[in-house]
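Two complexes follow with chain A in common, the first pairing it with chain B and the second with chain C.
Showing the complex of A and B:
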């Protein structure tokens, strides 16, 4: 079975990438695949609590990701260094995710058969 | 080797689609197979038949050229709707389809390569 990593690297609302990444996960989730979601760089902002993007004419994304568990998407990872660089910790996030150090990120990426970067 | 390709950027603003084009040509010349090219987000604009760059490479014609060679070039349907890329303004030999095609290319390919920002 393919191990697919969806790599979320960008801040959630300045561009379409994060919401398209989310749409891709929804599309892939109905197929037989080992889906893994990895947040790093500005992508970690996607999961920050209390987002109010309505004034940007956008819908909140963070909560959407936490609902993916109902579609059997359960492997969520966040890069520890990216969180720390932005003054964030796991407590600031809308959902429970596994924290990875640099070696952990390398391990997840190198064990994937396909990587989709957004 | 079987390769799948995804492009995430439109014409002329970014190099992504140009790199994808040259990558595909190089891969084919080395005997690899391209199982499909998925044009996602702004990349759907690369198949607009009205693209007409004075004195420069025509990216839409390049996409059409790849499609003519039998490569399955797919522009995302939903992204096309968002961007007004109607079926009647796309070049020949490419088609509009949904994320199912992306999944199909992912599953068929030994390697999957993304070109984006």
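Showing the complex of A and C:
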């Protein structure tokens, strides 16, 4: 079975990357795959609480991602240094995720059979 | 000149390059992902705070709210879409994309 890591490194709403990543995961979730999402750099903003995308006439992304836990996504990871650089902590996020240090990120990436960057 | 900035200050050096070029007193308008620059407590907050001593800095509040950014660096002025238009009308614009 493929181990897929979806690597999300872009801030939500400013580009299509985050929503395209979400759509891709929705599509993959119907197959038997080991799906993992790793948020780092500005990608960590995707999970910040209290987003109000309706102010931009856009659909909410943070809560959408937390729903994926009930579909087929096995693990959600967040890079600790990326949170720290943004003054964020796990309490600021919409869902429970595993924190990884730099070596942890490298390990998750090297364990993947496929990496999809968004 | 009004400098318009729409990108995260944490992934590129474009905010620094803007600050090097902008003359003292030139206003800066943060919008789209540029509002991440207005956030308090990030690795970029210090340079934005320093920039505030030379430039009035504005941030578009719908973009802040959409991203869940609540803690804004003191001194940054929040504007709505009408305020955005007012700023753009007042000065010549330099889009720093």
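Going forward, the second predicted complex is superposed on the first by the 118 of 118 C-alpha atoms of A that agree within 3 Å, B and C clash if a C-alpha of one lies under 4 Å from a C-alpha of the other, contacts with A are read in each partner's own complex, and residues count from 1 in each chain.
Everything that follows uses one rule, which is that contacts are C-beta pairs under 8 Å (C-beta built on N, C-alpha and C of every residue); 3 or more make two chains touch, one makes a residue touch a chain.
What you see is a predicted model; the values in this text were computed from it and never measured.
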Do chain B and chain C fit side by side on chain A after the overlay, or clash? fit
Check the contacts made with chain A and report whether chain B or chain C touches more of its residues. C
Centred on chain A, what angle do chain B and chain C make, from Cα centres, as a multiple of 10°? 90
Touching A:59 in the superposition: chain B (first), chain C (second), both, neither? neither
Quick one: classify A:74 as touching chain B (first), chain C (second), both or neither. neither
Is A:31 in contact with chain B, with chain C, with both, or with neither (first, second, both, neither)? first
How many Å separate the nearest C-alpha atoms of chain B and chain C in the overlaid structures? 13
Both chain B and chain C contact which residues of chain A? none
If you look only at chain C, which of its residues touch chain A in the complex? 6-8, 10-11, 32-33, 36, 39-43, 45, 62-63, 65-71
Parts of chain A lying in touch with chain C, wherever the complex brings them together: 11-15, 41-42, 45, 48-56, 58, 62, 85-87
Can you list the chain B residues touching chain A in their complex? 6, 8, 40-41, 78-79, 98-100, 102-103, 106-107, 109, 112, 114, 116-117
Touch list for chain A against partner chain B, complex: 2, 4, 16-17, 20, 23-24, 27-28, 31, 114-118
